[in-house]
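Structures given as structure tokens follow.
Both complexes below contain chain A, partnered by chain B and then by chain C.
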Partner chain A sequence: MSESATGTLTAPEQPAKRSRPGGTLYRGNEGMWSWVLHRITGVAIFFFLLVHILDTALVRVSPEAYNVVIGAYQTPIMGLGEVALVGAIVFHAYNGLRIILVDFWSWATRHQRLLFYIVIALWVITMLGFTPRHLINVFSH
Partner chain B sequence: MTTIEAPRSPSRPARRGVNLEKWGWIYMRVSGVLLVVLIFGHLFVNLLVGEGVKAIDFGFVAGKWASPFWQWYDFFLLWFALIHGANGMRTLVNDYTNPGKVQTTLKVALGAAVVVLLTLGTLVIFTFDACPAGSPAELLPSFCPAA
Partner chain C sequence: MSTATTDAPEATETAVPSFTVTFIIRRFDPDADAEPRWQDFDVEMFPTDRVLDALHKIKWEQDGSLTFRRSCAHGICGSDAMRINGRNRLACKTLIKDLDISKPIYVEAIKGLPLEKDLVVDMEPFFASFREVQPFLQASTAPEPGKERIQDVVARERFDDTTKCILCAACTTSCPVFWTDGQYFGPAAIVNAHRFIFDSRDDAAQVRLDILNDKEGVWRCRTTFNCSDACPRGIEVTKAISEVKQAIMRGKP
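Up next, the complex of A and B:
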């Protein structure tokens, strides 16, 4: 991709050399995988949100009903599920910010690939902070 | 004789009125930024502070919703998140179904879920009773007369 900001389209200096097609579907590479992950995490978060509104609504039924259901969120298996949920949310959040930058800022449009790896790096850092703390809460007390 | 149109003249006249798809696109970005702040705050307070998920029970929710700040926080979280999620699901329905009965049914189901859950959630937040009569005292927040 040409880095010139003259507003004209310039051909790459040399044709892209590929030993094999990029990926197997669509256009492949980082752009496709960020899109795939954004979809999958988005759908997962949506269905959790539907359940989460309903379980929270139990506070209007009785303290007993709410405590029984929220107790299910405190089991070891659901504790691991919460790591997956937070992982999905954090990726969707960071990649969503990347999409906004790519949409509105030409530098980011040209460097969307770099931004994808920054998203992955920030995701790893965030999960390294969250996961031990959360699992200690789940598996102790 | 063939006439050549001016460059970049639209192939059909622009539709008049509000461009809902454009506003949907803008909504996803504006609400997305707000949701990063709201959800990260929600996760921090509920999962990282103190004993995290183990501390959540009826008394925990009652303690938060004793403050109008957390009532309105959760109100905006509910509305921004559910509409953002449903609009995203609408994109998937458009991508993976053809116009027709199935697509219409899915979109009606999405819209109905949004209306029902926004109504339910908003009522729960603002009609919440922290000290319901007849409940065991040990389940109630400490500020209840019965506790």
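Up next, the complex of A and C:
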């Protein structure tokens, strides 16, 4: 009886595990995940720049409205947002250089995995340099 | 003495351990199912068995309706590319001992080609791209009468890697670009174009470079390296694609 009880206990877990209509997630390597991140950061930077160009253009329409919007950038929440933005740009820039090397230099094509970890290392170093200074500025205002 | 020698092999034979391995297979019967569904099977396996052997055991002993392609069973014909634990592999080259059998093993059809039944997909769009790159030798000159076309070792080496392709589609169906844009030529077609573009005996490189300089050609490649990782022949697929990109930019192989 206890066996069938465990059977019914484990049963509900099964359909949940199997509800992957599109199939399992493809388990790509570093190359695939770096590309996913590159596209996400690229699109994110694009939308930030779009908004930023629009709010900068506001200065020609109404300087008062411009001051209000730019004032909003000075809040701590925006300060944290800026860390995310800089993180995205730094990753995109370093990985963009990696992609250029991988495209044009056969040594880099063979060692793309190593280059990806170098990108991550450079990203960590850059962010360690940037984040503390930036947050001190943001929160000491 | 004689008993000892007959006993010994028997003892080692029974000592080979076998395991019960759970396979979770994505089934689809176009006549009965609206959506694919997962089904599990427990199979008794030796570490030296391959995923293909498990599929055979299931088909022969448990469920004769399980549908998959295979022919040579030894990594030559390219019929049995499938997604094993989330990665494109040939079932006939994937050993049980190389998988983590403490967890179930997921097997499903390759992605991005129309699913026909269980693990079988329609390969026609894949072969259509292959045909489009003109994968055959085209020479504009006749060889010397009675002579073959001479090629030195260095010139042969130039495209050696891409001669190994068995057209299994593991690369093309591992490509995120191909999943979302079925019009993309895909790695396999570019690999097979590479094989002739860099062949010193061939004179139609320019034609193939023009074909691949298309919006659905090599420029779709985002260097995710999924293809290089998936190729059962160990071809450096992304490198071959990069070489074709550069040949297009140079305007010559």
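Keep in mind that, in the parts below, the second predicted complex is superposed on the first by the 113 of 141 C-alpha atoms of A that agree within 3 Å, B and C clash if a C-alpha of one lies under 4 Å from a C-alpha of the other, contacts with A are read in each partner's own complex, and residues count from 1 in each chain.
Keep this in mind: a contact is a pair of C-beta atoms (placed from the backbone, for glycine too) under 8 Å apart; a residue touches a chain by one contact, two chains touch by 3 or more.
Please read all numbers here as calculations on a predicted model, not as lab measurements.
Of the two partner chains, chain B is the only one touched by A:86; chain C is not.
Of the two partner chains placed by superposition, A:123 touches none, neither chain B nor chain C.
In the superposition on chain A, contact of A:103 is made with both chain B and chain C. Within the superposed three-chain model, A:73 lies in touch with chain B and out of touch with chain C [touch as defined at top]. Applying the stated contact rule after C-alpha superposition, one finds that A:64 touches chain B and leaves chain C untouched.
Ranking chain B and chain C by residues of chain A touched puts B first. For the contact definition in use here, the residues of chain A common to its chain B contact set and its chain C contact set are 99, 103. Considering their complex, residues 29, 32-33, 35-36, 39-40, 43, 47-48, 51-54, 56-59, 61-62, 78, 81-82, 85-86, 88-89, 92, 113, 117, 120-121, 123-124, 127-129, 132, 135-136, 139-140 of chain B touch chain A.
Those residues of chain C lying in contact with chain A across their complex are 24, 26, 35-38, 83, 85-87, 106, 108-109, 111, 174, 176, 222-226, 228-229, 236, 238-239, 242-243, 245-246.
Of all the residues in chain A, the ones that touch chain C in their complex are 18, 20-21, 23-32, 35, 99, 102-104, 106, 109-110, 112.
Contact residues of chain A toward chain B in the complex are 39, 42-43, 45-46, 49-50, 53-54, 56-57, 59-60, 62-64, 66-67, 70, 73-74, 79, 82, 86, 89, 93, 96-97, 99-100, 103, 130, 133-134, 137-138, 141.
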